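After this come two complexes, each holding subunit A, first together with subunit B and then together with subunit C.
Our next item is the complex of A and B:
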């Protein structure tokens, strides 16, 4: 077959069929886990994911594993995750460990989808983990491995890189406007509010805009409460070929799109400090793959490592025009303050972002985060989120997960749906 | 379609079609590269691979990248390889970085094949690199990340783990037999001999059995000349859907099999110290996938990180019975000493192992090694190996690459062929 024909056939298949389906999901609480090893955290999540499969799944049904983690070598003196997990799971199957900084977890899922789509596997286990509190941890230094080596040598901390982006955003779009600063604090307040009912979340307490303004300065203009925390935790998913999904559960969640894009690791070579090209590309490819527009997305798990990043997402995804994201945040927050979930409202309709608390409040064990986002959407779409379940007039059907690595050197986007 | 039917159809497809084809390959010299950054080494290899494509290939033709490296974080203070390579290549495509200790390179290729087989990509760039000489390098400590954390804490070095395996092998199968010790030295002598004509090799000088015996003791019974070296280097391959391969070259090399297996990271939980289960599984699955027997393999690139590992491979792959590998080595070496390449001869016929010098003499920049093995087979099968070209009565057609991580926590095997 000619390349073009094959490509069209393949596009057709990709467009009309989901990449894969999720039939189980498990996680640990996020927070400090001083007495668990990284591989043990991953096993706790993995066992929870296997046990969550409604009609049962044996370990021997798993044909391959895909893991993601970021700093396990420097922070935990650990390498060769496949060898650890072969031992812990008692299996000898193929295993891949991916590192993509804060997008390590979603990068594992991206490759797991490829494994399913290749026809080689029907059932795979996907896991992400990070144990940041450890005897070897020098976390501020180590997190700069998500930045560029020149930036590291120049003295930047990782917070400093996002502070540069936030400062430029305020300079370009909100100078002299206190509401812009308030909006950049409200993102954190909203996500803390959303986490109140989330049993797994690291922080389950309200914070106010004033709390954010009064919190210690980390890297001007970023203050402590603009930042996601240092966390330990793990998440695992059971991902299967969609054609066998109903063997395992009556309510599989389908992965309609799995897309990834990359960009320069370094801020100083980017065309813009106030937009993430990799996000733009990955979101638009994912919407195309799912044949959807932003209007179709009901909930989104968005990478709010620092609050500025959630605002950039709103603009990168086309929900608000460039520079208007903070206005959207401000108006939505003022309108819906006090309701269980605080949606963003705009021309696109309504979207609830980070219904479980996001990186900010649920926690950010780096390599687990991309899969924690998928876990959140999985339980939300199945109506199993308990205390943080989104209640909606029309049934929840479509969710988007957005995970980025570093300051945007990579972005992975997955679109999930309950019904095809 | 029912799972079993789909699996059979998929098996059929996998059995009758190659996974992918290689149309270009490039590498750096292996050795010390103090003045090149890791990403620059990878770019040198990548550019060489792109330039090697006979009918031309533009950077914009590349649809995804798969990279492998092991110690880039601890040794080079580098993370998020996709972000670096997006900048260096000037592209925004999906990129995956895999870590599987010494099998990181082959793990990248394993996943690249999955990407091709999924139908999502026609053309991908695969790269492996390691820069072990660096200002931050504490290489003896860092290499233990390929072992188990308990073994690390117990005081093992990585050489010490292989010394344990070698000591047990000698205890079980060669106690009191000087020829066994000689065979374990001859592996190194053979591989140094093979590297004499290899322009890219780190060591291009003969060594003798006496040289090995007199070299410094590293971890009894392992001496310096039983060990592969500390190296810098990178390798890259252009891998395409086999159906479009002839657009890029008249002599593609087909990947007939791509298989991986895992085992416990720790020696102390394995069932045997004198055999690598992951190798056994990956070789047998690969031979099945290619519908071949060991007799069909003409050349093999084998993971000789320490000479004992090449002997274990010969037994794990079923070329010699357990415990007889060293006899095969001894007899072959004594028979063919002095010829350009020294084959192993046995009931299986004849096989030339590590025709370019193996890890021992070509060098072992960890993350690059798995792809260096494929590079070697690519140039050998195309008759383009120059000074280290294997000359054979019948044309070279089939090669096997065997790459392991750690002490056998993971093994990846690829079978390549010039003709289908």
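Our next item is the complex of A and C:
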């Protein structure tokens, strides 16, 4: 009862009208799926999402589909995702596929929210997928489609672009300070630690800072264990108009804010290499839409494609001052005495970032990632995360999902809440 | 990449084309047609940063490259702040990173200069892509040279050389013994991203800088080579586009030229044509650029494999501000099968017994004797004699056979440290002599091309050479550059095969 009162108190702060509500969510395990095609992966996730709707939902209830994927045309020589999915689902409703590199999944959700907020649809299926392992020998080249052509021609890889950001970050804010390098490794260690209890995660093993430092160099200063992996996987959500949400479940998760911002595709034309403007804009717009401040966020799913990106997020979101993110990581990691989730601690209080392991350990099937983040928050807020459920003194009520495309050419931010 | 995509990138990337808003001064790369700040008020102008320099803003060592850059890994890729310009991405070339982790902070802020290099190629059947968004470190082998264009002075009535440039790559290989390689101690080695075309552009760039001549005054460009990267597609067109030779007109240039092939005299043969064009009334006072460029090829363990070098020399012919007048010329030719390469074969072949006496010596000595006879000059009338240098012994012996003294030929035997540059050999030797020659000096040049022929030229150095000397990078300085870097035989073969 006391718990319930605390929950009611936290609900007091939420004054905003939700964009939509999530009533079901499903996903595949991330990793290599040798025997599954991309459309089959998406179907597996879709079936799981439909099955998860507490009061039941039929395919015929779905009015539209919003998909997100990045490389399917290259990796699997597929086109027309709507046509494939009409065949798989056996329905003939409106469908669109969104490509926004690594932010394809969250962009599909962003568009789905628009569809619902417009009043056109009450029930939509949102899906994200990627099948990267089918083209393993060319995937490093293909990922550069998320970069600028001149960067490609300068020899950059995707990890190389993030390494260039990380190198400048170290140069500006942590040069000669081993703790800065350790913090950039600790992000990976933390996220691996978080994934230990996650049945769907690609990697479920602890790694140490030393392991990171000893892993092979990919693009100095980035080593293998600073990087998220190449993965296959799919995620699907059932998203509905919040007015009808309780028809499908007693515990819908509300989308309080759905925001997106963009910036130059090319790293070299941006004002800064040590911050992502699109993140900054999308986070501040989302917080404004949800009438919240960073202090209200209890858990965050952050786009840690490379560990530097998680540190940049902490600064871009205003949790730490510019250049202090690594200190926040280091101090939080070093002072942690518990056994489960490692929170970041600062003036904002506590925040648990990437409770399921993030892109780093849960895996990063590009088009699925943005929705995997939402899936994670959905199960966490409903207390259904099982082995990796965040245990907190305060009941979990507010979560933020941050998904980036390219090196920051697009950022999508969603704020979710269990109770209004 | 498709042809239109390639063509669009050529227009942007060969010269690092940048847009600048004339209202607020903001610069854009890739170029934009309106300014983000000024919007409809913006007035854009376009300029290039081909002759610029910059600073490394950040970067990384790419250890696991994309497939197209597999050939060159590992390498440093970076973001460069161009001086008075925008920020651009670029690969750092002529730099082999250590195997251990590099502290990128040590490279941040280092000066860099753009280099025209190959970026990658679409396999053996596809196109080869070039760009100037490759940079070498300013404090390394390749110096920064500003390009000052000086208005040509009044007409000189005798055509000749108005400027020259030599490009020798940074990398070298030492021969086990000079004796074994007929006097060649060490040789130039191309970096993995260099080829005949990139040498030609770099040498031509240096020639323009030396002559202080605007490229628009050059109306013909000849590139002589026996190792052009394409069997069909002119290297000279790449040179014209990259160096902007001729009056610009609708993304092209009002100029012409051709690639030529005659083994090692493919370029020297064109000297007389260049001078003749300059004197031809309908050529309207234009200049001609002649480039000899080769990534000299030799089969593994062939005797040539111990003498071949790599590099290029470019000469601009004109009739204003001439530094050496072309006074006399004779060519001598016969069908002598001493050295050849059939279409489709990778390496040239040579019939050992023909290579020396009936081929090289017969043709060079005959040409030298004939040009002296025609001009009424004798060996003692010359300060220097310069010969095609397949090794150090042949030019020395041929010079003596033609009646010259050792001290007239020894100064031009740069082959001892750079190897045989094939089409660039006699041209580089001539450039090295012009580096030190005084006004009034007379030079006899005799090239040699297998197949076979020799061109003999007599040049007289003028006073104009003194004013231009500060703008050369002397051959001797390039040879002795403290940043030159030695590679092993395996690396030499690997990089050479890529060119």
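Keep this in mind: the second predicted complex is superposed on the first by the 399 of 420 C-alpha atoms of A that agree within 3 Å, B and C clash if a C-alpha of one lies under 4 Å from a C-alpha of the other, contacts with A are read in each partner's own complex, and residues count from 1 in each chain.
Keep this in mind: a residue touches a chain if its C-beta (ideal position, glycine included) is under 8 Å from a C-beta of that chain, and two chains touch if they have at least 3 such contacts.
Note that the structure is a prediction, hence the values are computed from the model and not measured.
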Point to revise | Which superposed partner A:117 touches (first subunit B, second subunit C, both, neither) | key: first
**Study point:** Touching partner for A:100 - first (subunit B), second (subunit C), both, neither
**Key:** first
Review point. So, A:277: does it touch subunit B (first), subunit C (second), both, or neither?
Key: first
Check your understanding: Between subunit B (first) and subunit C (second), which, if any, makes contact with A:43: first, second, both or neither?
Key -> neither
Practice item. Would you check which partner chain A:342 touches, where first means subunit B only, second means subunit C only, and both and neither mean what they say? Key: neither
**Study point:** In the superposition, subunit B vs subunit C on subunit A residues touched
**Key:** B
Exercise for review: Considering only touches as defined above, state whether A:146 meets subunit B (first), subunit C (second), both or neither.
Suggested key: first
Exercise for review: Once the structures are superposed on A, label A:266 by its partner contacts, choosing first (subunit B), second (subunit C), both or neither.
Suggested key: both
Check your understanding: After lining up the shared chain so the two structures overlap, which partner does A:220 touch, if you call subunit B first and subunit C second: first, second, both or neither?
Key -> second
Review point. What is the shared patch of subunit A, the residues that subunit B and subunit C both contact?
Key: 148-149, 152, 266, 269
Point to revise | Of all residues in subunit C, those that touch subunit A in their complex | key: 9, 13, 28-30, 57-69, 72, 75, 77-79, 86-91, 97, 101-102, 104-105, 108, 119-120, 129, 131, 133-134
Revision key, fill the gap. The residues of subunit A that touch subunit C in their complex are 137-138, 140-141, 144, 148-157, 159-160, 163-165, 167-168, 170-171, 175, 216-222, 266-269, 273
Study note, to complete from the structure: Per the touch rule above, subunit B residues touching subunit A in the complex are 1, 3, 6-7, 10, 13-14, 37, 70-71, 73-74, 76-87, 91-101, 107, 110-111, 114-115, 117-120, 122, 145-146, 148-149, 152, 241, 243-244, 247, 259-266, 269, 277-278, 281, 405-406, 409-410
